[in-house]
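Same chain, two partners: chain A is paired with chain B first, then with chain C.
And now, the complex of A and B:
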(Lines of atoms letter the chains of each structure in order from A and count residues from 1; the text may use other names and numbers.)
(Lines give C-alpha, C1' and ligand atoms only; values in the text may rest on other atoms or scores of the structure.)
Protein backbone atom coordinates (compact mmCIF):
# COMPACT_ATOMS: atom_id res chain seq x y z
CA UNK A 1 0.00 0.00 0.00
CA UNK A 2 2.72 2.41 1.08
CA UNK A 3 5.02 1.11 -1.63
CA UNK A 4 2.38 1.60 -4.28
CA UNK A 5 1.70 5.12 -3.08
CA UNK A 6 5.42 5.82 -3.21
CA UNK A 7 5.77 4.50 -6.75
CA UNK A 8 2.75 6.55 -7.82
CA UNK A 9 4.28 9.68 -6.28
CA UNK A 10 7.58 9.04 -8.04
CA UNK A 11 5.87 8.52 -11.38
CA UNK A 12 3.81 11.69 -10.94
CA UNK A 13 6.87 13.68 -10.02
CA UNK A 14 8.72 12.32 -13.04
CA UNK A 15 6.02 13.36 -15.51
CA UNK A 16 7.36 16.09 -17.73
CA UNK A 17 5.79 19.46 -16.95
CA UNK A 18 4.23 21.09 -19.99
CA UNK A 19 7.28 22.78 -21.51
CA UNK A 20 7.22 26.52 -22.04
CA UNK A 21 9.68 28.74 -23.83
CA UNK A 22 11.02 31.99 -22.38
CA UNK A 23 9.24 33.90 -25.17
CA UNK A 24 5.89 32.28 -24.28
CA UNK A 25 6.36 33.13 -20.61
CA UNK A 26 7.27 36.73 -21.41
CA UNK A 27 4.29 37.03 -23.77
CA UNK A 28 1.99 35.66 -21.05
CA UNK A 29 3.13 38.17 -18.43
CA UNK A 30 3.15 40.99 -21.01
CA UNK A 31 -0.46 40.23 -21.93
CA UNK A 32 -1.43 40.34 -18.24
CA UNK A 33 0.42 43.62 -17.80
CA UNK A 34 -1.21 45.11 -20.90
CA UNK A 35 -4.64 44.70 -19.32
CA UNK A 36 -3.62 47.41 -16.81
CA UNK A 37 -1.21 49.36 -18.96
CA UNK A 38 -2.40 49.38 -22.58
CA UNK A 39 0.52 49.22 -24.98
CA UNK A 40 2.86 47.60 -22.42
CA UNK A 41 6.08 46.34 -23.99
CA UNK A 42 8.56 44.30 -21.90
CA UNK A 43 11.83 46.08 -21.28
CA UNK A 44 15.09 44.27 -20.53
CA UNK A 45 16.47 47.54 -19.14
CA UNK A 46 13.66 47.83 -16.57
CA UNK A 47 14.23 44.13 -15.81
CA UNK A 48 17.91 44.84 -15.19
CA UNK A 49 17.00 47.66 -12.80
CA UNK A 50 14.71 45.33 -10.86
CA UNK A 51 17.46 42.70 -10.77
CA UNK A 52 20.08 45.15 -9.49
CA UNK A 53 17.90 47.34 -7.25
CA UNK A 54 18.97 47.09 -3.62
CA UNK A 55 15.74 46.63 -1.71
CA UNK A 56 17.83 45.74 1.36
CA UNK A 57 14.93 44.15 3.21
CA UNK A 58 16.68 40.90 4.00
CA UNK A 59 20.07 41.35 5.66
CA UNK A 60 22.22 39.23 3.42
CA UNK A 61 19.96 39.31 0.40
CA UNK A 62 19.63 43.01 -0.55
CA UNK A 63 18.91 42.19 -4.19
CA UNK A 64 18.76 39.42 -6.80
CA UNK A 65 22.42 39.94 -7.67
CA UNK A 66 23.44 39.10 -4.08
CA UNK A 67 23.00 35.42 -4.89
CA UNK A 68 22.75 35.33 -8.68
CA UNK A 69 25.74 37.71 -9.27
CA UNK A 70 25.54 40.81 -11.39
CA UNK A 71 25.59 38.69 -14.54
CA UNK A 72 22.73 36.16 -14.76
CA UNK A 73 24.74 34.07 -17.23
CA UNK A 74 27.21 33.35 -14.42
CA UNK A 75 26.66 30.69 -11.74
CA UNK A 76 25.75 32.15 -8.37
CA UNK A 77 26.25 31.29 -4.70
CA UNK A 78 23.49 31.19 -2.08
CA UNK A 79 24.63 33.85 0.41
CA UNK A 80 23.06 32.03 3.36
CA UNK A 81 23.97 28.41 2.67
CA UNK A 82 26.97 28.82 0.36
CA UNK A 83 25.43 26.35 -2.10
CA UNK A 84 26.06 26.79 -5.81
CA UNK A 85 23.19 28.18 -7.91
CA UNK A 86 22.95 27.39 -11.60
CA UNK A 87 22.90 30.44 -13.92
CA UNK A 88 19.51 32.12 -14.32
CA UNK A 89 19.86 33.09 -17.97
CA UNK A 90 18.67 30.48 -20.49
CA UNK A 91 21.71 31.24 -22.65
CA UNK A 92 23.89 29.68 -19.95
CA UNK A 93 21.36 27.22 -18.57
CA UNK A 94 18.74 25.96 -21.06
CA UNK A 95 16.58 24.52 -18.26
CA UNK A 96 15.70 28.01 -17.07
CA UNK A 97 12.38 29.60 -18.03
CA UNK A 98 10.92 26.36 -19.39
CA UNK A 99 8.18 25.83 -16.79
CA UNK A 100 5.60 28.47 -15.93
CA UNK A 101 4.83 26.83 -12.58
CA UNK A 102 8.49 26.84 -11.57
CA UNK A 103 8.92 30.46 -12.66
CA UNK A 104 5.80 31.45 -10.71
CA UNK A 105 6.98 29.54 -7.65
CA UNK A 106 10.29 31.39 -7.53
CA UNK A 107 8.78 34.80 -8.27
CA UNK A 108 6.36 34.21 -5.41
CA UNK A 109 9.08 33.21 -2.94
CA UNK A 110 11.84 35.57 -3.89
CA UNK A 111 9.72 38.66 -4.56
CA UNK A 112 8.10 38.39 -1.15
CA UNK A 113 11.46 37.96 0.57
CA UNK A 114 13.68 40.32 -1.41
CA UNK A 115 11.24 42.91 -2.79
CA UNK A 116 8.86 42.65 0.16
CA UNK A 117 5.72 42.14 -1.90
CA UNK A 118 4.45 40.18 -4.88
CA UNK A 119 5.94 41.26 -8.17
CA UNK A 120 3.58 42.65 -10.79
CA UNK A 121 3.02 41.01 -14.16
CA UNK A 122 4.84 43.93 -15.77
CA UNK A 123 7.88 43.43 -13.52
CA UNK A 124 7.88 39.72 -14.28
CA UNK A 125 7.75 40.33 -18.04
CA UNK A 126 10.61 42.84 -17.79
CA UNK A 127 12.64 40.54 -15.57
CA UNK A 128 12.28 37.56 -17.88
CA UNK A 129 13.12 39.74 -20.88
CA UNK A 130 16.31 40.75 -19.11
CA UNK A 131 17.19 37.09 -18.46
CA UNK A 132 16.21 35.98 -21.96
CA UNK A 133 18.54 38.63 -23.41
CA UNK A 134 21.34 37.11 -21.39
CA UNK A 135 21.63 39.97 -18.90
CA UNK B 1 -8.13 0.25 36.00
CA UNK B 2 -4.89 1.85 37.12
CA UNK B 3 -2.59 4.51 35.90
CA UNK B 4 0.03 2.55 33.96
CA UNK B 5 3.16 3.48 31.99
CA UNK B 6 2.61 2.82 28.27
CA UNK B 7 4.86 5.20 26.31
CA UNK B 8 8.52 5.05 27.30
CA UNK B 9 10.75 8.14 27.25
CA UNK B 10 12.30 7.61 23.77
CA UNK B 11 8.80 7.28 22.24
CA UNK B 12 7.65 10.56 23.79
CA UNK B 13 10.88 12.50 23.17
CA UNK B 14 10.96 11.17 19.62
CA UNK B 15 7.33 12.06 19.02
CA UNK B 16 7.71 15.68 20.15
CA UNK B 17 11.06 16.10 18.41
CA UNK B 18 9.46 14.95 15.16
CA UNK B 19 6.46 17.23 15.68
CA UNK B 20 8.63 20.27 16.52
CA UNK B 21 11.21 19.75 13.77
CA UNK B 22 8.49 19.13 11.16
CA UNK B 23 6.69 22.31 12.23
CA UNK B 24 9.89 24.38 12.06
CA UNK B 25 10.79 22.93 8.66
CA UNK B 26 7.28 23.56 7.35
CA UNK B 27 7.21 27.18 8.52
CA UNK B 28 10.66 27.96 7.10
CA UNK B 29 10.18 26.01 3.86
CA UNK B 30 9.70 28.92 1.50
CA UNK B 31 12.26 31.34 2.90
CA UNK B 32 15.86 31.59 1.74
CA UNK B 33 16.84 33.65 4.81
CA UNK B 34 15.74 30.73 6.98
CA UNK B 35 17.17 28.03 4.70
CA UNK B 36 19.84 26.92 7.20
CA UNK B 37 17.21 26.57 9.93
CA UNK B 38 14.98 24.60 7.57
CA UNK B 39 17.83 22.26 6.70
CA UNK B 40 18.90 21.82 10.34
CA UNK B 41 15.31 20.98 11.30
CA UNK B 42 15.29 18.44 8.47
CA UNK B 43 18.48 16.81 9.76
CA UNK B 44 17.06 16.55 13.28
CA UNK B 45 13.88 15.11 11.79
CA UNK B 46 15.79 12.53 9.70
CA UNK B 47 17.97 11.42 12.62
CA UNK B 48 14.91 11.10 14.86
CA UNK B 49 13.11 8.91 12.31
CA UNK B 50 16.18 6.68 11.99
CA UNK B 51 16.23 6.20 15.75
CA UNK B 52 12.50 5.51 15.81
CA UNK B 53 12.85 2.76 13.20
CA UNK B 54 15.44 1.01 15.36
CA UNK B 55 13.41 1.59 18.52
CA UNK B 56 10.47 0.01 16.72
CA UNK B 57 12.48 -3.22 16.69
CA UNK B 58 14.17 -3.20 20.10
CA UNK B 59 12.11 -0.77 22.17
CA UNK B 60 9.65 -1.44 24.96
CA UNK B 61 6.41 -3.29 24.30
CA UNK B 62 4.17 -0.60 22.78
CA UNK B 63 7.04 1.05 20.92
CA UNK B 64 7.59 -2.03 18.77
CA UNK B 65 6.15 -2.27 15.29
CA UNK B 66 5.21 -5.87 16.03
CA UNK B 67 2.85 -4.62 18.74
CA UNK B 68 0.88 -2.16 16.61
CA UNK B 69 1.23 -2.98 12.92
CA UNK B 70 -1.83 -4.96 11.89
CA UNK B 71 -3.62 -5.96 8.71
CA UNK B 72 -6.53 -4.14 7.05
CA UNK B 73 -9.06 -6.41 8.74
CA UNK B 74 -8.04 -5.23 12.20
CA UNK B 75 -8.02 -1.61 11.07
CA UNK B 76 -11.52 -1.71 9.58
CA UNK B 77 -12.83 -3.73 12.49
CA UNK B 78 -11.46 -1.07 14.87
CA UNK B 79 -12.83 1.83 12.83
CA UNK B 80 -16.21 0.08 12.59
CA UNK B 81 -16.30 -0.43 16.34
CA UNK B 82 -15.95 3.34 16.85
CA UNK B 83 -19.48 3.68 15.43
CA UNK B 84 -20.86 1.32 18.05
CA UNK B 85 -21.47 1.90 21.74
CA UNK B 86 -18.58 -0.42 22.61
CA UNK B 87 -15.47 0.71 20.73
CA UNK B 88 -12.49 -1.64 20.85
CA UNK B 89 -9.86 -0.43 23.30
CA UNK B 90 -6.13 -0.85 22.77
CA UNK B 91 -3.58 -0.03 25.46
CA UNK B 92 -0.93 0.99 22.91
CA UNK B 93 -1.65 2.24 19.41
CA UNK B 94 -4.94 1.12 17.93
CA UNK B 95 -4.66 -0.55 14.48
CA UNK B 96 -5.71 2.62 12.61
CA UNK B 97 -3.19 4.67 14.57
CA UNK B 98 -0.58 2.06 13.68
CA UNK B 99 -1.16 2.71 10.00
CA UNK B 100 -0.93 6.45 10.53
CA UNK B 101 2.43 5.97 12.23
CA UNK B 102 3.77 3.86 9.37
CA UNK B 103 2.50 6.46 6.91
CA UNK B 104 4.04 9.35 8.83
CA UNK B 105 7.40 7.60 9.22
CA UNK B 106 7.39 6.56 5.55
CA UNK B 107 6.43 10.00 4.24
CA UNK B 108 8.85 11.59 6.70
CA UNK B 109 11.67 9.41 5.40
CA UNK B 110 10.84 10.25 1.77
CA UNK B 111 10.60 13.96 2.65
CA UNK B 112 13.96 13.98 4.42
CA UNK B 113 15.83 11.98 1.78
CA UNK B 114 14.40 13.88 -1.18
CA UNK B 115 15.16 17.11 0.67
CA UNK B 116 18.79 16.12 1.10
CA UNK B 117 18.97 15.20 -2.60
CA UNK B 118 17.34 18.45 -3.74
CA UNK B 119 19.55 20.51 -1.42
CA UNK B 120 22.59 18.94 -3.08
CA UNK B 121 21.20 19.76 -6.51
CA UNK B 122 20.93 16.04 -7.19
CA UNK B 123 18.20 14.64 -9.43
CA UNK B 124 16.92 18.07 -10.42
CA UNK B 125 13.23 18.80 -10.30
CA UNK B 126 12.28 15.20 -9.51
CA UNK B 127 13.43 15.35 -5.89
CA UNK B 128 12.30 18.94 -5.42
CA UNK B 129 8.76 17.97 -6.43
CA UNK B 130 8.91 14.75 -4.43
CA UNK B 131 10.13 16.68 -1.37
CA UNK B 132 7.22 19.11 -1.52
CA UNK B 133 4.66 16.44 -2.38
CA UNK B 134 5.74 14.09 0.42
CA UNK B 135 5.84 16.93 2.95
CA UNK B 136 2.31 18.05 1.98
CA UNK B 137 1.06 14.46 2.19
CA UNK B 138 2.71 14.13 5.61
CA UNK B 139 1.00 17.32 6.81
CA UNK B 140 -2.35 16.00 5.58
CA UNK B 141 -1.69 12.76 7.46
CA UNK B 142 -0.82 14.80 10.58
CA UNK B 143 -4.34 16.21 10.26
CA UNK B 144 -5.80 12.70 10.10
CA UNK B 145 -3.61 11.73 13.06
CA UNK B 146 -4.88 14.68 15.14
CA UNK B 147 -8.48 13.85 14.22
CA UNK B 148 -7.79 10.26 15.28
CA UNK B 149 -6.37 11.42 18.60
CA UNK B 150 -9.49 13.50 19.21
CA UNK B 151 -11.92 10.75 18.21
CA UNK B 152 -9.98 8.13 20.19
CA UNK B 153 -9.86 10.36 23.25
CA UNK B 154 -13.61 10.91 23.14
CA UNK B 155 -14.50 7.30 22.31
CA UNK B 156 -12.42 5.88 25.15
CA UNK B 157 -12.78 8.82 27.52
CA UNK B 158 -9.04 9.11 27.95
CA UNK B 159 -6.75 12.04 27.30
CA UNK B 160 -4.43 10.66 24.60
CA UNK B 161 -2.63 14.00 24.23
CA UNK B 162 -1.69 14.04 27.91
CA UNK B 163 -0.56 10.42 27.62
CA UNK B 164 1.97 11.42 24.95
CA UNK B 165 3.44 13.90 27.47
CA UNK B 166 3.34 11.80 30.63
CA UNK B 167 3.55 8.30 29.15
CA UNK B 168 0.67 7.15 31.41
CA UNK B 169 -2.71 5.78 30.39
CA UNK B 170 -5.45 3.88 32.17
CA UNK B 171 -5.16 0.10 32.06
CA UNK B 172 -4.63 -3.15 33.88
CA UNK B 173 -1.34 -3.21 35.85
CA UNK B 174 -0.24 -6.31 33.94
CA UNK B 175 -0.33 -4.28 30.69
CA UNK B 176 2.20 -1.71 31.93
CA UNK B 177 5.73 -1.43 30.64
CA UNK B 178 8.31 -1.57 33.40
CA UNK B 179 10.81 1.09 32.42
CA UNK B 180 11.12 4.57 31.02
CA UNK B 181 14.26 3.48 29.14
CA UNK B 182 16.31 6.42 30.39
CA UNK B 183 19.56 5.09 28.95
CA UNK B 184 17.99 4.63 25.53
CA UNK B 185 16.64 8.16 25.76
CA UNK B 186 20.15 9.42 26.46
CA UNK B 187 21.45 7.49 23.47
CA UNK B 188 18.59 8.91 21.43
CA UNK B 189 19.50 12.49 22.36
CA UNK B 190 23.14 11.83 21.48
CA UNK B 191 22.18 10.10 18.23
CA UNK B 192 19.96 12.97 17.11
CA UNK B 193 22.53 15.64 18.01
CA UNK B 194 25.48 13.85 16.44
CA UNK B 195 23.41 12.62 13.49
CA UNK B 196 22.24 16.13 12.64
CA UNK B 197 25.80 17.47 13.04
CA UNK B 198 27.12 14.69 10.83
CA UNK B 199 24.57 15.41 8.11
CA UNK B 200 25.42 19.11 8.33
CA UNK B 201 29.08 18.22 7.90
CA UNK B 202 28.60 15.83 5.00
CA UNK B 203 25.67 17.37 3.11
CA UNK B 204 26.25 21.00 4.01
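And now, the complex of A and C:
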Protein backbone atom coordinates (compact mmCIF):
# COMPACT_ATOMS: atom_id res chain seq x y z
CA UNK A 1 0.00 0.00 0.00
CA UNK A 2 2.57 2.50 1.17
CA UNK A 3 4.80 1.58 -1.74
CA UNK A 4 1.96 2.12 -4.21
CA UNK A 5 1.14 5.52 -2.72
CA UNK A 6 4.79 6.47 -2.97
CA UNK A 7 4.99 5.41 -6.61
CA UNK A 8 1.82 7.38 -7.36
CA UNK A 9 3.27 10.48 -5.72
CA UNK A 10 6.49 10.14 -7.66
CA UNK A 11 4.56 9.73 -10.91
CA UNK A 12 2.52 12.84 -10.20
CA UNK A 13 5.65 14.81 -9.38
CA UNK A 14 7.23 13.69 -12.65
CA UNK A 15 4.35 14.97 -14.77
CA UNK A 16 4.99 18.27 -16.52
CA UNK A 17 3.49 21.10 -14.48
CA UNK A 18 -0.23 20.93 -15.18
CA UNK A 19 -0.31 24.20 -17.09
CA UNK A 20 -3.64 25.33 -18.35
CA UNK A 21 -3.21 28.96 -19.26
CA UNK A 22 -1.00 30.43 -21.99
CA UNK A 23 0.89 32.38 -19.31
CA UNK A 24 1.69 29.20 -17.36
CA UNK A 25 2.89 27.48 -20.53
CA UNK A 26 5.12 30.41 -21.43
CA UNK A 27 6.52 30.56 -17.87
CA UNK A 28 7.27 26.81 -18.03
CA UNK A 29 9.24 27.02 -21.29
CA UNK A 30 10.96 30.25 -20.16
CA UNK A 31 12.15 28.58 -16.95
CA UNK A 32 13.53 25.67 -18.99
CA UNK A 33 15.29 28.09 -21.34
CA UNK A 34 16.75 30.10 -18.46
CA UNK A 35 18.58 27.02 -17.17
CA UNK A 36 21.10 27.31 -20.03
CA UNK A 37 20.50 30.96 -20.90
CA UNK A 38 20.48 32.83 -17.56
CA UNK A 39 18.25 35.89 -17.66
CA UNK A 40 16.16 34.60 -20.59
CA UNK A 41 13.05 36.68 -21.25
CA UNK A 42 10.47 35.52 -23.87
CA UNK A 43 10.26 37.82 -26.92
CA UNK A 44 7.14 38.06 -29.08
CA UNK A 45 9.29 39.61 -31.82
CA UNK A 46 11.62 36.57 -31.98
CA UNK A 47 8.46 34.43 -31.91
CA UNK A 48 7.12 36.31 -34.93
CA UNK A 49 10.37 35.67 -36.79
CA UNK A 50 10.09 31.93 -36.11
CA UNK A 51 6.47 32.02 -37.29
CA UNK A 52 7.25 33.84 -40.55
CA UNK A 53 10.76 32.58 -41.37
CA UNK A 54 10.77 30.57 -44.60
CA UNK A 55 12.83 27.49 -43.77
CA UNK A 56 11.63 26.05 -47.10
CA UNK A 57 12.62 22.45 -46.27
CA UNK A 58 9.39 21.11 -47.76
CA UNK A 59 7.99 23.02 -50.75
CA UNK A 60 4.37 22.76 -49.56
CA UNK A 61 5.08 23.91 -46.01
CA UNK A 62 7.91 26.45 -46.12
CA UNK A 63 6.94 28.06 -42.80
CA UNK A 64 4.45 27.99 -39.94
CA UNK A 65 2.35 30.63 -41.70
CA UNK A 66 1.83 28.24 -44.65
CA UNK A 67 -0.91 26.47 -42.69
CA UNK A 68 -1.68 28.99 -39.96
CA UNK A 69 -1.69 32.07 -42.29
CA UNK A 70 0.31 35.25 -41.73
CA UNK A 71 -2.08 36.31 -38.97
CA UNK A 72 -2.46 33.81 -36.12
CA UNK A 73 -5.85 35.32 -35.23
CA UNK A 74 -7.15 34.16 -38.63
CA UNK A 75 -8.33 30.65 -39.47
CA UNK A 76 -5.87 28.65 -41.58
CA UNK A 77 -5.91 25.73 -44.00
CA UNK A 78 -3.82 22.55 -43.98
CA UNK A 79 -1.70 22.94 -47.12
CA UNK A 80 -1.85 19.26 -48.08
CA UNK A 81 -5.31 18.11 -47.04
CA UNK A 82 -7.21 21.40 -47.40
CA UNK A 83 -8.84 21.00 -43.97
CA UNK A 84 -9.71 24.22 -42.11
CA UNK A 85 -7.58 24.96 -39.02
CA UNK A 86 -8.98 27.14 -36.24
CA UNK A 87 -6.89 30.25 -35.34
CA UNK A 88 -3.78 29.64 -33.20
CA UNK A 89 -4.01 32.84 -31.13
CA UNK A 90 -5.95 32.46 -27.85
CA UNK A 91 -7.56 35.88 -28.48
CA UNK A 92 -9.42 34.36 -31.45
CA UNK A 93 -9.72 30.80 -30.12
CA UNK A 94 -9.86 30.38 -26.31
CA UNK A 95 -9.14 26.63 -26.58
CA UNK A 96 -5.59 27.33 -27.71
CA UNK A 97 -2.59 27.00 -25.41
CA UNK A 98 -4.64 25.38 -22.65
CA UNK A 99 -3.04 21.91 -22.69
CA UNK A 100 0.70 21.42 -22.26
CA UNK A 101 0.61 17.95 -23.82
CA UNK A 102 -1.27 19.16 -26.90
CA UNK A 103 1.05 22.11 -27.40
CA UNK A 104 4.12 19.91 -26.93
CA UNK A 105 2.77 17.32 -29.41
CA UNK A 106 2.25 19.90 -32.16
CA UNK A 107 5.59 21.60 -31.53
CA UNK A 108 7.23 18.20 -32.00
CA UNK A 109 5.45 17.50 -35.27
CA UNK A 110 5.41 20.94 -36.82
CA UNK A 111 8.96 21.94 -35.85
CA UNK A 112 10.40 18.69 -37.20
CA UNK A 113 8.52 19.16 -40.48
CA UNK A 114 9.06 22.88 -40.99
CA UNK A 115 12.33 23.64 -39.15
CA UNK A 116 13.86 20.20 -39.63
CA UNK A 117 14.54 19.68 -35.90
CA UNK A 118 12.77 20.03 -32.58
CA UNK A 119 12.31 23.61 -31.41
CA UNK A 120 14.24 24.68 -28.30
CA UNK A 121 12.52 25.70 -25.06
CA UNK A 122 13.53 29.31 -25.80
CA UNK A 123 11.94 29.18 -29.27
CA UNK A 124 8.76 27.69 -27.82
CA UNK A 125 8.52 30.42 -25.13
CA UNK A 126 9.01 33.12 -27.79
CA UNK A 127 6.48 31.53 -30.15
CA UNK A 128 3.80 31.25 -27.45
CA UNK A 129 4.47 34.83 -26.33
CA UNK A 130 3.87 35.93 -29.94
CA UNK A 131 0.57 33.99 -30.03
CA UNK A 132 -0.52 35.23 -26.60
CA UNK A 133 0.03 38.82 -27.77
CA UNK A 134 -2.36 38.10 -30.64
CA UNK A 135 0.33 38.09 -33.35
CA UNK B 1 -55.22 9.17 -42.47
CA UNK B 2 -55.81 7.75 -45.97
CA UNK B 3 -52.91 6.42 -47.99
CA UNK B 4 -52.93 6.63 -51.74
CA UNK B 5 -51.94 3.44 -53.57
CA UNK B 6 -49.04 5.39 -55.06
CA UNK B 7 -47.60 6.20 -51.61
CA UNK B 8 -47.92 2.59 -50.55
CA UNK B 9 -46.11 1.48 -53.69
CA UNK B 10 -43.28 3.93 -52.94
CA UNK B 11 -43.06 2.69 -49.37
CA UNK B 12 -42.83 -0.89 -50.60
CA UNK B 13 -40.06 0.04 -53.01
CA UNK B 14 -38.18 1.75 -50.21
CA UNK B 15 -38.44 -1.33 -48.04
CA UNK B 16 -37.16 -3.46 -50.88
CA UNK B 17 -34.15 -1.18 -51.10
CA UNK B 18 -33.31 -1.63 -47.42
CA UNK B 19 -30.64 -4.32 -47.72
CA UNK B 20 -28.70 -1.90 -49.88
CA UNK B 21 -29.15 0.82 -47.27
CA UNK B 22 -27.73 -1.43 -44.58
CA UNK B 23 -24.51 -1.40 -46.54
CA UNK B 24 -24.31 2.41 -46.51
CA UNK B 25 -21.10 3.99 -45.40
CA UNK B 26 -21.25 5.34 -41.84
CA UNK B 27 -18.86 6.33 -39.10
CA UNK B 28 -19.17 4.13 -35.98
CA UNK B 29 -21.99 5.52 -33.78
CA UNK B 30 -19.65 6.12 -30.84
CA UNK B 31 -16.18 6.83 -32.20
CA UNK B 32 -13.23 6.29 -29.88
CA UNK B 33 -12.34 9.60 -28.18
CA UNK B 34 -8.62 9.34 -28.92
CA UNK B 35 -9.36 8.66 -32.60
CA UNK B 36 -11.64 11.71 -32.65
CA UNK B 37 -8.91 13.88 -31.14
CA UNK B 38 -5.91 12.55 -33.08
CA UNK B 39 -7.22 11.37 -36.45
CA UNK B 40 -9.46 14.30 -37.35
CA UNK B 41 -7.01 17.17 -36.79
CA UNK B 42 -5.19 17.24 -40.15
CA UNK B 43 -8.06 15.87 -42.22
CA UNK B 44 -11.62 14.66 -41.64
CA UNK B 45 -11.98 11.32 -39.88
CA UNK B 46 -11.89 8.59 -42.52
CA UNK B 47 -14.43 5.82 -41.80
CA UNK B 48 -12.52 2.79 -40.37
CA UNK B 49 -14.64 0.50 -42.57
CA UNK B 50 -12.84 1.75 -45.70
CA UNK B 51 -9.63 -0.24 -45.10
CA UNK B 52 -8.80 -3.68 -43.71
CA UNK B 53 -7.42 -4.41 -40.23
CA UNK B 54 -4.06 -5.30 -41.77
CA UNK B 55 -3.96 -1.91 -43.53
CA UNK B 56 -4.70 -0.06 -40.28
CA UNK B 57 -2.04 -2.06 -38.40
CA UNK B 58 0.54 -1.12 -40.99
CA UNK B 59 -0.49 2.56 -40.99
CA UNK B 60 -0.43 2.80 -37.19
CA UNK B 61 3.05 1.28 -37.19
CA UNK B 62 4.51 4.06 -39.35
CA UNK B 63 2.81 7.25 -38.18
CA UNK B 64 6.08 9.18 -38.23
CA UNK B 65 6.07 8.74 -42.00
CA UNK B 66 2.36 9.27 -42.72
CA UNK B 67 1.73 10.35 -46.33
CA UNK B 68 4.33 13.08 -46.09
CA UNK B 69 3.31 14.17 -42.59
CA UNK B 70 4.54 13.31 -39.11
CA UNK B 71 1.54 12.00 -37.16
CA UNK B 72 3.48 10.27 -34.40
CA UNK B 73 1.64 9.34 -31.21
CA UNK B 74 2.69 7.98 -27.84
CA UNK B 75 2.44 4.17 -27.85
CA UNK B 76 -0.53 4.02 -25.43
CA UNK B 77 -2.71 6.32 -27.54
CA UNK B 78 -1.63 4.58 -30.73
CA UNK B 79 -2.58 1.12 -29.43
CA UNK B 80 -5.95 2.35 -28.19
CA UNK B 81 -6.78 3.85 -31.60
CA UNK B 82 -5.60 0.72 -33.40
CA UNK B 83 -8.05 -1.45 -31.43
CA UNK B 84 -10.89 0.86 -32.47
CA UNK B 85 -9.80 0.79 -36.13
CA UNK B 86 -9.42 -3.01 -36.17
CA UNK B 87 -12.83 -3.52 -34.58
CA UNK B 88 -14.49 -1.42 -37.27
CA UNK B 89 -12.33 -2.44 -40.23
CA UNK B 90 -13.58 -4.08 -43.41
CA UNK B 91 -12.93 -7.71 -44.33
CA UNK B 92 -13.65 -7.08 -48.02
CA UNK B 93 -10.82 -7.61 -50.44
CA UNK B 94 -11.98 -4.62 -52.51
CA UNK B 95 -11.17 -2.37 -49.53
CA UNK B 96 -7.62 -3.57 -49.13
CA UNK B 97 -4.99 -1.01 -50.13
CA UNK B 98 -1.31 -1.78 -50.79
CA UNK B 99 -0.58 1.98 -50.72
CA UNK B 100 -2.74 2.34 -47.56
CA UNK B 101 -4.72 5.02 -49.38
CA UNK B 102 -8.50 4.66 -49.27
CA UNK B 103 -8.57 6.65 -52.50
CA UNK B 104 -6.66 3.85 -54.27
CA UNK B 105 -8.78 0.83 -53.30
CA UNK B 106 -10.80 -1.02 -55.98
CA UNK B 107 -13.91 -0.09 -53.95
CA UNK B 108 -13.10 3.63 -54.21
CA UNK B 109 -12.36 3.43 -57.94
CA UNK B 110 -15.64 1.62 -58.53
CA UNK B 111 -17.75 4.13 -56.56
CA UNK B 112 -16.14 6.99 -58.48
CA UNK B 113 -15.90 5.58 -61.98
CA UNK B 114 -18.33 8.22 -63.26
CA UNK B 115 -16.56 11.20 -61.72
CA UNK B 116 -14.94 13.25 -64.51
CA UNK B 117 -11.13 13.29 -64.44
CA UNK B 118 -11.00 17.10 -64.25
CA UNK B 119 -12.89 16.99 -60.94
CA UNK B 120 -9.90 15.34 -59.24
CA UNK B 121 -7.45 17.98 -60.43
CA UNK B 122 -9.68 20.92 -59.49
CA UNK B 123 -7.80 23.35 -57.20
CA UNK B 124 -10.66 23.19 -54.67
CA UNK B 125 -10.19 19.42 -54.41
CA UNK B 126 -6.38 19.17 -54.22
CA UNK B 127 -6.50 15.43 -53.56
CA UNK B 128 -8.87 12.48 -53.92
CA UNK B 129 -8.42 12.06 -50.16
CA UNK B 130 -10.17 15.41 -49.67
CA UNK B 131 -13.59 13.72 -49.47
CA UNK B 132 -15.17 16.86 -47.97
CA UNK B 133 -14.51 18.89 -51.11
CA UNK B 134 -17.33 16.98 -52.85
CA UNK B 135 -19.22 15.19 -50.05
CA UNK B 136 -20.54 18.05 -47.98
CA UNK B 137 -21.45 15.79 -45.05
CA UNK B 138 -18.18 13.84 -45.05
CA UNK B 139 -16.87 15.22 -41.75
CA UNK B 140 -19.95 13.71 -40.09
CA UNK B 141 -19.56 10.48 -42.05
CA UNK B 142 -22.33 11.22 -44.56
CA UNK B 143 -21.40 10.21 -48.11
CA UNK B 144 -24.94 9.97 -49.53
CA UNK B 145 -25.19 10.40 -53.26
CA UNK B 146 -27.65 13.25 -52.75
CA UNK B 147 -25.18 15.34 -50.79
CA UNK B 148 -22.43 15.34 -53.41
CA UNK B 149 -21.39 18.54 -55.13
CA UNK B 150 -18.63 18.73 -57.69
CA UNK B 151 -16.40 21.80 -57.38
CA UNK B 152 -17.49 24.63 -59.67
CA UNK B 153 -14.69 24.38 -62.21
CA UNK B 154 -15.41 20.68 -62.76
CA UNK B 155 -19.14 21.13 -63.41
CA UNK B 156 -19.06 22.27 -67.02
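Things worth noting here:
What we mean here is this: the second predicted complex is superposed on the first by the 116 of 135 C-alpha atoms of A that agree within 3 Å, B and C clash if a C-alpha of one lies under 4 Å from a C-alpha of the other, contacts with A are read in each partner's own complex, and residues count from 1 in each chain.
In this text, contacts are C-beta pairs under 8 Å (C-beta built on N, C-alpha and C of every residue); 3 or more make two chains touch, one makes a residue touch a chain.
What you see is a predicted model; the values in this text were computed from it and never measured.
Within the superposed three-chain model, A:80 lies in touch with chain B and with chain C [touch as defined at top].
In the superposed three-chain model, the partner touching more residues of chain A is B, compared with the other of chain B and chain C.
Judged by the touch definition given at the top, the superposed model places A:59 against chain B, while chain C stays out of reach.
Looking at the shared chain after the overlay, A:109 reaches both chain B and chain C.
Contact with neither chain B nor chain C is seen for A:118 once the two complexes are overlaid on the shared chain.
Annotation: chain A residues 58, 78, 80-83, 109, 113 touch chain B in one complex and chain C in the other. For chain B in complex with chain A, the residues that touch the partner chain are 30-33, 35-36, 39, 102-103, 106, 110, 119, 121, 124-126, 129-130, 133-134, 137, 204. The part of chain A that touches chain B in the complex is made up of residues 2, 6, 9-10, 12-14, 17, 58-61, 67, 78, 80-84, 86, 95, 99, 102, 109-110, 113.
Residues 58, 78, 80-83, 108-109, 112-113 of chain A are the ones touching chain C in the complex. Those residues of chain C that touch chain A in the complex are listed here as 42-44, 67-72, 124-127, 129-130, 132-133.
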